[in-house]
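Given below, in the form of structure tokens, are the structures.
Both complexes below contain chain A, partnered by chain B and then by chain C.
Take a look at the complex of A and B:
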């Protein structure tokens, strides 16, 4: 069951690279949160502990509900265009992401022996999710898509850490949560601010920022 | 012996019913009563009785293509196990022959389309080529990974071993079903990829290639096309039907799965629009992506068991 869920997580990464509507991508991000929650549900047989409850809270509430709704709010508030505006066609994104996923799983196959929880599939999918999200960030123009890419990256790292979740202390979990919380919060504020100044949230505009004080 | 007779019966009857059911389901979702499920069969007979008009610019290629097309697909049908995991002909590596015979039929339909000298048909042929270059790797990667994992080199009994390999085997079966289902949509020229009902040449792929065919030729082409869909559906059925089923149970399962696929395709056609050309390549490449995942899973499974073949 866990293998199936992990593969589903990998497939959401591929789906993310071909969808051209921001709203759809946010929905997929929320789906990733749900998948992470299910992975936790199926992988932990231990009794209820604080760390376990925290993981459930983090995936189901923060990753599946809070961050997507925050991103949707930013989308509405700043009246961002619904297209993602990629630098390269989605077809090439899909080709590159699928090769990242394939080589991620294949290469991790040769890193045996793994621990009991960290199977090659686990390692490969989470590793390629991190690389795919980096690729996602670099190939999209909008600031909002960069934030989404960062949240994807977070999900990848989280999946990575789930393999050792039994030994992971609560403080590390808190650190992970704080990280993403601050990132989304600050970037949300930043986009709001940029919108009020420039009336546009494309990162293209940022290239043209210049010192305009010395007008001789 | 009875399995072979049943296989031949399926090859001759099911393609018409398959298309008939799809049309019926489309009519249902559209709130219409729709034609009878035997309508494709009536159309086939009607077209066979008609005469045909052949353009004077065409050569012998245009004349032989419909028959060659049907012969190739029928021949490919001999290798696919339809009922009870039994194919009419089976030998080591038959899936390679299967793929190449389908490629032969595609090749002839493409050059026949070019033969008419119509610019529309040339455009359709060009699209068909670009689709099939993306479809074939997916097919080969999928089937070859399954063969590598199960150690069986023919369609027959391919899935029986997979069903005994635990979670990895089931995952590979599910992903293969996804790949083959998308292949049905591409090869059968159904909606997200191509619209069988459209009469606007600019958006067509397969339909535009057969614009010049009429009468018995058109009947043969339509039959071959729906037979191709049945062959791919039976691959899905083979992956799903459990090992050791009796002939009766296997026949019921097979019919049920084919019926379900027809209903699914009809529902998809009613619910979605055709993708635009640029999105289409992403859709088709997604098939290769999934097949790459199958390959990766196979490598994990092989690496974990040192023998290479999971019993």
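Take a look at the complex of A and C:
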């Protein structure tokens, strides 16, 4: 069951790389949160500890509901263009993301000395999710999609950290601090400073600061 | 004593948050800097008195006391400068309040990162430095500063996330140890699985390397340093980079103890030489003097990264490099603040006749240049000389030549800009403009730092020598 869920998580990453509507991508982000919740539900030995409840809260409330709803709010507020505006065609993104996922699983199957908690599938999927999200960030133009990419990266890291959840629950909880960054980005976009100053929320307006011998 | 320097800033920020007074803002920042300096000196003489409520989590050892003292000294100077500098900014009270709270929390988070004996905690504090300094960089409230702060927070947050992956990988590697305390990790270094540790080091190096400003993950640094107000630039360059470097140093020790220093050395050398190359390319072409200084910070961090790969002498050189760079670069940025106040532009080609416009600032600018390029009596001369000596004695002659050539290009690049800014004739337009007023505390910190650095360069006092030497021992 867990393996199926993990695979499903890997597939959501692929789905994100081909969808061109931002709204759909935010929905998939929310789906990732639900999958993470299910993984925790099935993998945890049924003891109702505080950190277990915290993980449920983190995945179900924060990751699956709160962050996506705020992102949607930003999307509505900046009702300019609802497309992701990638630098490269979606098809190539899919090919590259699939390659990352495929090689992640196969390489980890052959090479790494795995322990009990860390199965090759677990490692391969979460690791490739991290790489795919970095790829997602670099190939998209809009600031909002960068923030979505960062949320994806964080989901990947969260899945990865579940491998050591039993020995070091502290670390999984520390990972939640990364949400603070998302909060900062969302605040930045929501308060509208970035929108008003940059006119539209795309990163191509982020190019005033550069190195240049010229007079600008 | 560690309790005081960790709890005090929190209390001070709460007071500032509740009160609305300009005098109180100035007073508390300076008071904190003075108490911090005294506490750091006390901890240097009584390192064992650090037992506190936080017991194992925060500790003073022979390595981090050096970084703590650098932070304390630089902060004291910057706080003094800042007191006069804010007058020229014309901030409203609420902005001034946020700015002061930002500075106090920024110093607090760096202190935490330096004193922490736990990798997870260091990570949290390094993340906190990003959040605390974000507002400080944004303070000028311009389109450029907003862009700089967005890039800064975004790039650093990705870096921090990757460092987090590194920490998870370390936990997988050290399954039998199951601890993130550096002491325990060092003792059990033999039990760590090398494959995971190597993978973890890559992530840690990329993650914390982003904060250190090592190329190719340095791209936030020139933007943030050039857009931030000058005292903040000085703090970013002279203390923030060091705090992140300390975490890398501690991790490097773990790699060394696990017998993987060769792997770590290769990566550090690559990033180090890339940092120096990138500086050589961009400094040559830069028309913004604050960006130029920011690139120079990247260079210096690169040199320090190469230094730690070269054994004890190299590590000594790296420590001296970090120490001297902090003093000189903070003076350089503070003097850049004077120039910005005088000319109201960051463009190199719009500034001429600095010596005629303000003699003291002009000479400080030249002195900073002599210091940062490693011309004697700068201590950077010693550190670079030691590094080259080590490279030659290791028979890395080609590498040493490339290193030397790049340093020469950087020296030329910075020198050209500094000389045209200071010695050229003042243009008519420049002479007539009303210049901003410079208070006397906008010269004193730089003068003191540079004199201190020169003394260390000519004759290293025994306590500095011991400080550096103990740090080298702490690294191994």
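General observations
Operating definition for what follows: the second predicted complex is superposed on the first by the 181 of 216 C-alpha atoms of A that agree within 3 Å, B and C clash if a C-alpha of one lies under 4 Å from a C-alpha of the other, contacts with A are read in each partner's own complex, and residues count from 1 in each chain.
The rule is short, and it goes like this: contacts are C-beta pairs under 8 Å (C-beta built on N, C-alpha and C of every residue); 3 or more make two chains touch, one makes a residue touch a chain.
Predicted model only: the values in this text are computed from it and were never measured.
After overlaying the two complexes on the shared chain, residue contacts for A:4 are found with chain B alone; chain C is out of touch.
Of the two partner chains placed by superposition, A:42 touches none, neither chain B nor chain C. Legend: residue contacts after superposition of the two complexes on their common chain; A:184 is shown touching chain C, with no touch to chain B. Once the two complexes are laid over each other on the shared chain, residue contacts for A:91 go to chain B alone; chain C is not touched. Look at A:146: by the touch rule set out above, it reaches chain C but stays clear of chain B. Ranking chain B and chain C by residues of chain A touched puts C first. Overlaid on A, the two complexes show chain B and chain C touching the same residues of chain A, namely 112. Put simply, chain C touches chain A in their complex at residues 120, 123-124, 127, 130-131, 134, 143-144, 146-148, 150-151, 153-154, 157-158, 160-161, 164-165, 167-168, 171-172, 175, 178, 180, 193, 195-196, 222-223, 226-227, 282, 285-287, 291, 347, 349. Against chain B, the residues of chain A that register as touching in their complex are 1, 3-4, 7, 10-11, 14, 18, 89-91, 94-95, 97-99, 101-102, 105-106, 109-110, 112, 119-121, 124.
Within the complex formed with chain C, the residues of chain A that make contact are 111-113, 115, 117-118, 130, 134, 137, 143, 146, 150, 153-154, 157, 160-161, 163-164, 167-168, 170-171, 174-175, 177-178, 180-181, 184-185, 188, 193-194, 197-198, 206, 208-209, 211-215. Of all residues in chain B, only 167-168, 171, 174-175, 278-279, 281-282, 285-286, 288-290, 292-293, 295-297, 299-300, 303 touch chain A in the complex they form.
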